[in-house]
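So that you can tell them apart, the chains are marked A, B, C and D in the order they are listed, and the count of residues begins at 1 in each.
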Amino acid sequence: MTTTTTQIKQGKTGIFDRIESQVRSYSRSFPKLFGKAKGATIYGHDGREYIDFLAGCSSLNYGHNDPDMQAALIDYVTSDGIAHGLDMFTEAKEGFLLAYERLILRPRNMDYKLMFTGPTGANAVEAALKLARKVTGRTNVIAFTNGFHGMTLGALAATGNAGKREGGGTPLNGVHRAPFEGYFGPEVDTADMLEQMLDDPSGGVDAPAAILVEPVQGEGGLNAASGAWLKKIEKIAKKHGALFILDDIQAGCGRTGTFFSFEEFGLDPDIITQAKSLSGMGLPFALTLIKPEHDIWKPAEHNGTFRGNNHAFVTARVALEKFWSDDSFSKSIAKKSAHLETRLGAIAERYGFSLRGRGMMQGIDTQDGDTAGDICAKCFEKGLIIETSGGHDEVVKVLCPLTIDMDLFDKGLDIIEDAFEAILAKDSPRVAAE
Amino acid sequence: MTTTTTQIKQGKTGIFDRIESQVRSYSRSFPKLFGKAKGATIYGHDGREYIDFLAGCSSLNYGHNDPDMQAALIDYVTSDGIAHGLDMFTEAKEGFLLAYERLILRPRNMDYKLMFTGPTGANAVEAALKLARKVTGRTNVIAFTNGFHGMTLGALAATGNAGKREGGGTPLNGVHRAPFEGYFGPEVDTADMLEQMLDDPSGGVDAPAAILVEPVQGEGGLNAASGAWLKKIEKIAKKHGALFILDDIQAGCGRTGTFFSFEEFGLDPDIITQAKSLSGMGLPFALTLIKPEHDIWKPAEHNGTFRGNNHAFVTARVALEKFWSDDSFSKSIAKKSAHLETRLGAIAERYGFSLRGRGMMQGIDTQDGDTAGDICAKCFEKGLIIETSGGHDEVVKVLCPLTIDMDLFDKGLDIIEDAFEAILAKDSPRVAAE
Amino acid sequence: MTTTTTQIKQGKTGIFDRIESQVRSYSRSFPKLFGKAKGATIYGHDGREYIDFLAGCSSLNYGHNDPDMQAALIDYVTSDGIAHGLDMFTEAKEGFLLAYERLILRPRNMDYKLMFTGPTGANAVEAALKLARKVTGRTNVIAFTNGFHGMTLGALAATGNAGKREGGGTPLNGVHRAPFEGYFGPEVDTADMLEQMLDDPSGGVDAPAAILVEPVQGEGGLNAASGAWLKKIEKIAKKHGALFILDDIQAGCGRTGTFFSFEEFGLDPDIITQAKSLSGMGLPFALTLIKPEHDIWKPAEHNGTFRGNNHAFVTARVALEKFWSDDSFSKSIAKKSAHLETRLGAIAERYGFSLRGRGMMQGIDTQDGDTAGDICAKCFEKGLIIETSGGHDEVVKVLCPLTIDMDLFDKGLDIIEDAFEAILAKDSPRVAAE
Amino acid sequence: MTTTTTQIKQGKTGIFDRIESQVRSYSRSFPKLFGKAKGATIYGHDGREYIDFLAGCSSLNYGHNDPDMQAALIDYVTSDGIAHGLDMFTEAKEGFLLAYERLILRPRNMDYKLMFTGPTGANAVEAALKLARKVTGRTNVIAFTNGFHGMTLGALAATGNAGKREGGGTPLNGVHRAPFEGYFGPEVDTADMLEQMLDDPSGGVDAPAAILVEPVQGEGGLNAASGAWLKKIEKIAKKHGALFILDDIQAGCGRTGTFFSFEEFGLDPDIITQAKSLSGMGLPFALTLIKPEHDIWKPAEHNGTFRGNNHAFVTARVALEKFWSDDSFSKSIAKKSAHLETRLGAIAERYGFSLRGRGMMQGIDTQDGDTAGDICAKCFEKGLIIETSGGHDEVVKVLCPLTIDMDLFDKGLDIIEDAFEAILAKDSPRVAAE
């Protein structure tokens, strides 16, 4: 921490130490004052370049300051476009809805109502859980080990992380915790286990309002559920009268190669939550998609001041139009994902580690939080911003912009490779050569 | 509703009806497609002008698209300033913190840590309640009749409105409801009542983690607490080891004439929540101010993706510098507040109604939700956007930009006056003349 | 405590200190080993006589070992009558039900179903609250300051005493605490306050499943509600769709002069709970009376092993037949109550204290727990068993058997009078003469 | 049910239908008016004899009306022994404590404090859970599939049965449900699973205050945990700072052959709950045994009126002296258990069913609730009282008095054998011959 303080002070001032709450998080891993950012590069206040393999935790799938989004936003602000209009009808909102209908819903034959919640993923999850309880008249929610859904009391109850849960300061109720796919090893089918407990009239798990699951657990260790398992979970939900909620906040918006992370699985969720990269440019924006038959909200029953972030409507529309009008973006992600898998796979194999995740959210499970932390710290020294994931922070997680060019991508991967060597095999020739 | 649909369809499309969730709220009162906005004026897509006496529910205290904020934001975007940086150190954040320290904290001799929560008021309240419970090791929170604190499960439990509470779908626990000042009439001291119950070892109200109160209840009917009552509540909190939390989300940022709504009362809250107008321009942004001795968060214990809305940092800094560098803005608000009180007072007197609120958040209690609703609808016909407040939506509430020029202010007030006449005294000469 | 130990050890053994949990309660006030008991007299193991002005906290309204109940029980046991039969049909149960119908329900034109709960008052209250929630589909329950309803989690949530509540070890939810009659002084109508909060859609008190109230708060300080106030509370309950539950566990079975403590008030409760003196002889026994239209339990939905205490059925039947076949018992209670009021009134007046309670549950509010405790300790020295009541244990409470003969009654009252003198006026002639 | 009514009406009266709540349970399976009972025989009001293979759900392990207990009780009542003395020191209580110390604790080298809770098993469990939460400062409790712990809100939360849980009328919180031993088949170690989830900082199961488990699940289908599994659970509890609570209410007092059901396993529970047969004669009585270091209750912190059922103290003392002074009773139970296993085993084998349970709580899992119900109904026709167990009521459960003589035991088992034949093999010769 003293290092942090000193570095920043040298950079400019001690204001962060003076008046920012110690709850701050990422600035501890990256003790640097940043200024500008473009594409996959972030610039320190001193001009030093950092490759961004964190991408706002998947909020910057299209990179920093996409020029088309920038232009649209500047044009909008310049022309006095409404910035804040509560949830009133605005042209910016209309433009987003039309694009979302045309480019996302219709091509996928999806029929959903869009609920603009408060502009955080947590709020989208809270809205989803409230609605599921309202629709079913039940209160119990099934959530999974390593699940991550937000910090507000309803979402936090569904989140698995003990450190976050303790912050609640009060018992977190209303959630039954079930093991995610593969939690007890590859040969144990945790969906069957959940079904058995729910089928059993003396199983002690109350009939659920919802089963809430992330297709890929981004914070919980890059655990990627299979389509077969998710399909089973969906069936269990429907069999037991529960709503099937997919939390696609971190894995969506192209991160796994398609707009929704579960498109290839043939699922039919009752509710989908979105946030992070939805605005295209990293602006606060969240969405809860609801099957029309479940849209039983009374007007204003879940309201909030910032449900209409019009700047985000503008940039989100550009993002949809630019990246989702045809399948070229998906194809490029697939290509990069394969490349990522190859390169990470090689590193993992060298050290006997295993790969985790799917698409452009893959990582290496180092089995140990300190190791993974040291590797990420080493990467940062070398100009790469990258973070860990998992209950023990044991996974080195690659979450770079999907738009990154191949050279920079490889440069970042080279840094990771070197950092693994530096930390795990200090006497290897390449490191010695440095 | 059919009218709404038709109007909007004529305007452009039926997209809102097709795919927006029916939870939408304000668009029902103002069935119009809006495009641009400047100062206190909002423009319909067809160019029609509306005077804005709602101001994003106090999120636009400085008006729409303040030119200095616009310029700063455009400059920031143009120069590839970081839009999204999680909670990393950025120059935009540093600029905001420095300005907040220099212009807000120091001149008021306030010593607080700033916690950037998810960018919604609800999230700021959730963080405040979580921290109070963590600090005290208790779970019970005292909140008040007509209190409004947000829609996520923790904040919703503290909110009084039954319609909102029912949306929770699950029992809302952890809050004891106490009557706000004046709830049982002017002669009943509700602070004494609360104290008696807390003092009583058999009173049945558990020792509280916090007492959470709005200095002016913006949604709950413009109930303005007196300094004396708030001081008593603060003393009760300290006496019983509870944190005293002021929710200044709607009443803060100049709405009552000073940056914090309670400055003149000599209070010393343990936690203060801010949001709404904090960004200056209506961008999502929220803050929880914490006395340093209570800042016991563990790193990342309450995290979230959009805690660093850098665009908001930029505009918020400009807002502080432009409006809070000296007392001229406060003075102008005081002047306008007096004018508002005079004009609303005259209308209220004419119909035997009473005034509610304080500063630039005043309204007329019509005693009846239908009456107030009809008056607001009539205002909208005449080009004024204005809403109701209160448990029965019985208060016609004026929440215009604080920067409104006097002519437009009076024009809006004229519309209100006319609307009262139109609804309550249809045969009066002036209305007949129209 | 050392005294306690020593005394008992001298009496016989140290077994209580060795292996009884320190949670024990009354044995601390009365550190004596007791053996037999008859009528209103308890005998120490050494033969010393104590007048019983505690009567098992109103569980021994008919005195210890009533000879008719003894005879019936001995006869029943001798003849191999079923002691334990779960909730099967037994002749003992049939006998009780027939007597209850003939002697209690029919003469009072009451139409209730009898639910035999686990044989504790807490269990009767738990059953009442569960049923009210089931009937209404709501979860919130209104309970009052100083209310006492039991120690199990559901009943404890409704109990006001902080010391008891802390024993729960977990937040106690589902109850809104309202002030009992007179809580804020005689001129404040707390029923009106409750009504205002419930009527108010923004009052923040959820629509209740039940309003739970004791006609006389036995543990909470002998607060006797007036008929007018209870009638108001009943109306509020019905107006708001809540069940009106009277907890008559301590005040019932003749304690106030009639079988139910509220008979004179013309109330029509949805549910009534009974326990304590119901068995007649102090055996564990409890009952929840339910309006037939609310008896929507599914078979066995609230079960329990000891719901059919057949010994209690036998003695309870005798109690009904012996004491409630005509109005002579009621008349004698009324006479004694008047006598009690006169004598206690005289003492209270002498010291400027006020009387509390109603019927044969009256006491003197000494305003101070230490004083009341000293008085009770002094009484015990002089051979009288008596306890305090109230949030601060400030009330000296007379709860003697209703069957006590007048001589013994006066002897006990003399001891109280002397104890007041001894503690409060040590230099008075009478005490000096001793 | 009409049959029930008619039968009972013919027997005597329709009083049960008229005024008993429909929540009644066992009287539905055994629609008969009973009068007397002795040993293992219950007599109908008409003198018909029934063999009792239910024994008050294990509350009558020593049979009905044991002559020595009868004599002691009659003597006690005749001599005006205190029936109800709150929790004061009485000679009856002293006698029980001395016997418990001498005959139960000392021979087993057990060091526990005895807490007399309200006289129901549920109350003993509530006290255990409250204390565990108080001791640990945590709120989460681990309970198991098919667990049964009582109907009051705290105990009900730990109970698995859906039908009972729905009776709560409110969400039941504070319990994480884990699979009991063998729940997922013999090859899946559910203790390991629990450990993995608790070890995992992102497992989402909060650090528990207690792990609560029945050594044999009496209501949940006669699932007998192995010593090895219980030992593992104990280790997990200690490793995670949780109290290990054994609920021995149904399996204790000799039912499995020893006074505690887990004696042979070498366990060291922090808390043990007892009730059912503890009084010896079926009188309401319950006990929570607490390791001295956990006995941190404040005086009266968990109180209750009937904590001192002195009649039960008397009979319980006799039971201890008569049956637990040497090992002859244990040996006779072992012999009968072997006989039971042989005979039930033969029946089970004939129909391809499996045996469940341990000691004198064994049954046959018919895999189907209707079948088991039909068999029990057939038994009742033939003069045997027997009930089902399990989540689907699929197990025919033998719970006869442990003191039953071998002839009557075999007579009852013959009836069971015949009933299986009658229901499952109607055309078999033996049945045809009837």
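Just so it is clear, a residue touches a chain if its C-beta (ideal position, glycine included) is under 8 Å from a C-beta of that chain, and two chains touch if they have at least 3 such contacts.
Please read all numbers here as calculations on a predicted model, not as lab measurements.
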Pair joined by the larger number of C-beta contacts - A-C, A-D: A-D
Distance from the mean Cα position of subunit B to that of subunit A, given in whole angstrom: 30
Distance between chain centroids, defined by C-alpha means - subunit A, subunit C (Å): 58
Inter-centroid spacing, subunit D versus subunit A (mean Cα positions, whole Å): 50
Contacts with two or more other chains, residues of subunit C listed in rising order: 139, 163, 170-171, 173-174
Graph class of chain-chain contacts, one of line, ring, star, complete, other: complete
Parts of subunit D lying in touch with subunit C, wherever the complex brings them together: 8, 12-13, 15-16, 18-28, 30-38, 42, 45, 54, 56-57, 59-60, 64-65, 70, 73-74, 77-91, 94, 97-98, 100-101, 105, 112-116, 118-123, 126-127, 129-134, 139, 150-155, 157, 163-164, 166-171, 173-174, 209, 275-276, 281-284, 288, 290, 295, 297-306, 309, 311
Subunit C-touching residues of subunit A, taken from the complex the two chains share: 170-171
Residue ranges of subunit B touching subunit C (in the complex, touch as defined): 139-140, 143-147, 159-163, 165, 171-177, 179, 183-184, 188, 193, 196-197, 200-207, 220-221, 390-392
